[in-house]
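Following are the structures in question.
Two complexes, one shared chain (subunit A), two partners (subunit B, subunit C).
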Partner chain A sequence: MKVGFYPGCSMKGGAREYQESVSALAKVFDIELVEIPDWNCCGATAAHNLNKELSLSLPARIMALAEREGISDIVVPCAACYNRLSIVKHELEADKSLSKRVASIIDLKYEGTTQILNIIQFIDKYITDRLEEKVVKPFDYKTACYYGCLLVRPHSILKFDRVEDPQSMDVLVKKAGGDAIDWAYKTECCGAGMSVSRTDTVARLSGNIMKDAVDRAAEVVVVACPMCHSNLDMRRPEINKFLNEKIDIPILYISQVLGLAVGLDAKTLGLNRHMTEVNLPVKPAMEVPVASEPKKVVNTQKLEA
Partner chain B sequence: MSRIGVFVCHCGENISATVNCEKVAKITGELKGVEFSTDYKYMCSDPGQTLLKEAIKEHKLDGVVVAACSPRMHEPTFRKACAEAGLNPFLCEMSNIREHCSWVHPKDDLTTEKAGDLVRVMVEKVKKNKALNSIKVPVTKTALVIGGGIAGIQAALDIANCGHKVIMVEKQPSIGGHMSQLSETFPTLDCSQCILTPRMVEVAQHPNITLHTYSEVEVVDGFIGNFKVKIRKKSKSLDEHLCTGCGLCTTKCPQKKIPNEFERGLGFRPAIYVPFPQAVPNKPVIDRENCTYYIKGKCKVCEIVCPTKAIRFDQEDEILDVEVGAIVLATGFDVLKPDFFPEYGYGKYKDVIDGLQFERLASASGPTQGEIRRPSDGKEPKKIVFVACAGSRDPAKGIEYCSKICCMYTAKHAMLYKHKVHDGTPYVFYMDIRAGGKMYEEFVRRTIVEDGTHYVRGRVSTIYEKNGKLIVRGADTLMGGIPIEIEADMVVLATAGVANKGAEELAQTAHVSYDAYKFFAEAHPKLKPVETNTAGIFLAGACQAPKDIPESVAAASGAAVKVAALFSNDELTRDPLVALVNRQPAPVFSSCVGCFLCQSVCPYQAIEREEIKNRNGEVIKTLARVNEGLCQGCGTCVALCRTKAIDIHGYSNQQVYTEIMALLNE
Partner chain C sequence: MSASHEHTHPDTLNDEIRRETGVIVNKCYQCGKCSAGCPVATEMEYPPSLVMRMLQTEDPLHVEKLLKSMTIWLCVTCEMCLTRCPMEIDIPSLMDFMRQKSYRAKKTNPQAKKIISFHKSFLDSINYTGRLYEMGLIVDYKMRTGAMMQDVAVAPKMFIKGKLNPVPEFIKGRKKIAAIFNKVQDKKEGKL
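Here is the complex of A and B:
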């Protein structure tokens, strides 16, 4: 199985562990990720604030390159890149003349035939069916699934999950053996790009998120966005200062959680690259070998007899 | 040679602003067969009609074309005028130069030219019109009222008091509807039950009203004055004649933990139950889905304890066939389902409830005997937040309309809360306060000023639970949109009023139209507010749109008057624009070959089989025949007829071809 892969800048820099874990997970499930050759920046927040055509052309070029390679599905793990690509695809679909104009700017044929998948959609399409059978170490932790904004909004375009109370990541964590807790900050703002210019704002916003997760006894927060990750993880000293607390629970990518559950080791998944040390205790459930299944069968037979 | 008159209407400026009416009259006056043409500012006015009548007499016209608005409103007006002048009304046609021309085109010579073309087409059609006579049909002077809420009750009583028979059908085991669930009513705070229950009893005891509760309408056939309706009387597992309503069975039923629908899930009921103490009829039904006997095959406690041996476990549904002359739809509304508001935790947090649930909490006969206690732990909430427009006026949620009743009942809720919890603090998040109605605005002011309710203008973005409190986050848009967080003990959502479940099916059963929100559609939003597009079927109450009690009652009385007016005739006249199967001399009899494709497509079951017999009484040919009483003139049979044996009076194939040819051969 071949799936296109668009890393964007973060996978090659601050979120290397995200790419490592996605690749490792894909390998377990025999999926070949094909990096789109000669890919470029998605435009991020800068392009659409400065130049409309530029903000359309950058993602369009990525999709056009994928089309040229005959790629039908592109997985875009970074939520911001996913958001840009999806919105541009939507806008060009709605306006054919704009689509022509953009095609002439990028000097490539653009049909808009590729499917843009975020990490959760990718997992749902290619992995979920086979996930439970591959789980060898249930991820038996109280887990707060944090979706942030870019995966779910704008709902009218992305149509991803329930916009106010998304569930898809919770479902995945449960399938991996985890306890996805109900909490209040699933889609609240983490402060996003303010990380550099207004660190205090990020400390406050991300602090509120972490506080609620910890108050509800979460042992780990799971994300699907490098921006969220960097704010909740890298800005932990500022968060703790704002809260006047010492919160030390780790922030993991959903790909790392599933990776751990299917038995990949910490190093392969890049757990060592996080700022907040990942020091999850070993739970009894993880030590029980897969053999627990036949045992149950014996029991039920007994009951029936 | 025809002598046709053309009358061009200016419709004030509606037509004349873009169409040169004088010119239209002039050019059409020159058409072959047109004897007279003129234009006038308001043709539908009294002088306009007089002009038409005079012209018919003076010029001995044998056909009339009125070039004006859509025939929907004024075709009857002009046909009546023609009849008064001695011309067969079906020789009068309207040419729509308003909706089809002046309203949709700019002022231009081409627009005038198009208007001229439209008139010319109609002139050609009128040349082929035939004088027709109205069809007379009898009227069954019994009305069917579907729905036993306040609207249905009012309509039924009004019709019955006019001396006509009424059959009322209610889906639930008792009549009373949502109004019976309410605590007190705005703006006078009189107790809902106290004003409603006498009416319910009156319905049950009225000699002219036959009440069928726990029943549903399954089939509606026929037409105005002559509907044939099938009613399914669901089995109550009870012989109603033997049951005395003593209630012993309901106290002994071992199933006691079934969520009580009447209490909106805030209380429990047994499997054999009366929905509420004042129910009419006050006799129980067995809820077979939850009854131990129907689930496990044994129990029958109710049968054992019943002093009159009224329990009938093997009772089956009964199908009643009734004939009625008019139908009033009064099926009411519903409130939104819990999964609509993931952001408010509605359905997830026990203390986030809807307005109807709050009514039950505030009701003296409710699960808390009227004390305001929160569902989760029974404590008295000291801080309560009411969220208005929960779902309403929210295009993102797919409900763009205003539910209309929420502003008032939310104000009432806040007031009732304050009256019962003196040290409590009520907050209301609102978008606008829509208090149009007699004493309504004063009522809202009272809530704010006298009862100290904090009205916050803004929407609530999210509600979540933390340490046993509900954190309500919103914005105060009158304070520059500053974010607000309230730690509340309980939240009441004024959820949007939506169409009742099953409304769409009922609309299709009864052949009435409905809007995008599945509310039943009135025939005209201003001038025919209680009529539907189907003659003889009327609307009352909130099945049409969210309505409060006074409005529902007013609409119900309106519908009742329409029914009474209909019943004041012994027979009805119908337009003769119906289908007809042609007849020819023997031995052909008709070009109909008896394939009966028409019968299978007729939506009104108007096609019958007619057997032609020879002198020996042997059937020699079977033909289709149209029942003029049933036919609505839709023309489906005409389109399908393989031998062109069927035609429609007033819209014959020949007339339609003539119209097309008139357009093509300028």
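Here is the complex of A and C:
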């Protein structure tokens, strides 16, 4: 199975472990990820803040290159890139003359035929059916699934998951053997690209997110975006200073969680690259095969007694 | 009817907003849900619902205040306001529009310098290499703002963890990218 792959800049640098874990996971399920040749940056926040045509042209070039390769599905694991590509595809679809103008700016044919998939849509389309049978080490942790903004908003364009209490990632975590907890900050903003220019804002917003997660006994927070990851992980010293607390639970990518569950090792998944050390305790469930897990039986006996 | 009359009156800012972003300013009925959900409202001089109200007045003084505000640069495009607005008013696109207008008219708030410098360093990196080069971005941003100490603390750890590339990756089509930058820049308004 071949699927187009747009890593985006952060997966080549600060979020290297996201790429490592997505690639490793795809391999387990025999999916070949084909990187879009000579892809460019999508322009992110900087482009749409300063220049509209630029913010349309950079993502359009990426999709045009994919079309030229005959790629129909592009998986875009960075939520920020996913959001930009999806919005541009939508805007060019709605306005044919704008689409023509952009095609002339990028000097490539642009039809808008590629499907843009975020990491969860990709997993659901290509992996979920075969996931449970491959789980050998259930991810038995209280897990807070953090979706952030760009994966679910704006709903009118992305039409992905529910905006206030999305479930798609929770379902995946449960299939991986985890306990996806209910919490209040699933889609609150972490401060986005303000990490360098307004660190205090990021510390406050990300701090509130982390506080709610630990108050509800989360042992780990799971994300699907390198920007969310770096704000919650790399900015932890600033977060802890803001909260005047010492929160040390790790932030994992959803691809790392599923990777661990199907038996990939920590190094392959790049767990060593996080700033907040990942030292999750080994749980009994991880040592016994899933089928003969005794826990539920014990519980019913207790209830009956 | 008076169609000809409608087309002769001059294009107001609110007309331009409607054309460029689809936002009909007068649809806002000031419920305040946008400001309640906005993660940075507490840091803004004018929370999103007040921005809407100020535009509704069509008072040039209010428009001037908005163009020179920090508010428009503090908005992180989280899309919460649009998601919760009962009238589906696209405030994030409106904020983009106001930022671009403020930037072109050289009216940006002096305190927004750090944010804008960051955007510019970011775009420079793309213009030059085709991609974002994180280490170059940080160095370029520091040069622009003089904020030398901040962030130096995490850089060595990032490097050890293999998160910072010592050399940029240049894409083959970077001339094509430079051509895109050229085409989208308005000659009169100068470089991005």
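A few points about this structure:
Here, the second predicted complex is superposed on the first by the 290 of 305 C-alpha atoms of A that agree within 3 Å, B and C clash if a C-alpha of one lies under 4 Å from a C-alpha of the other, contacts with A are read in each partner's own complex, and residues count from 1 in each chain.
One rule holds in what follows: contacts are C-beta pairs under 8 Å (C-beta built on N, C-alpha and C of every residue); 3 or more make two chains touch, one makes a residue touch a chain.
This one's a predicted model, so the numbers in the text were calculated from it and none came from an experiment.
Residue contacts after overlaying the shared chain place A:D124 against neither subunit B nor subunit C.
After overlaying the two complexes on the shared chain, residue contacts for A:D215 are found with subunit B alone; subunit C is out of touch.
Of the two partner chains, subunit B is the only one that A:R162 touches; subunit C does not reach it.
Of the two partner chains placed around the shared chain by superposition, neither subunit B nor subunit C is touched by A:D179.
Once the two structures are superposed, subunit B and subunit C can be ranked by residues of subunit A touched, with C on top. Once the two complexes are overlaid on the shared chain, A:G191 sits against subunit C while remaining clear of subunit B. Once chain A of one complex is fitted onto chain A of the other, the partner contacts of A:I105 are limited to subunit C, with no touch recorded for subunit B. Taken together, the two structures place residues 155-156 of subunit A in contact with subunit B in one case and with subunit C in the other.
Per the touch definition, subunit A reaches subunit C in the complex via residues 9-10, 12-16, 38-41, 43-54, 57-58, 61, 105-107, 149-150, 153-156, 163, 188-189, 191-194, 196-199, 201, 205, 234, 272-275.
On the side of subunit C, the complex with subunit A involves touching residues 39-40, 43, 73-74, 76-80, 82-83, 88, 90, 92, 96, 99-100, 103, 114-120, 122-123, 125-126, 130-134, 138, 141, 150-151, 154, 157-158, 161-165, 169, 171-173, 176-177, 179-181, 183-185, 192. Of all residues in subunit B, those touching subunit A in their complex are 341-343, 348, 396, 462, 464-466, 471. Residue ranges of subunit A in contact with subunit B, taken from their complex: 155-156, 162, 164-165, 182-184, 212, 215.
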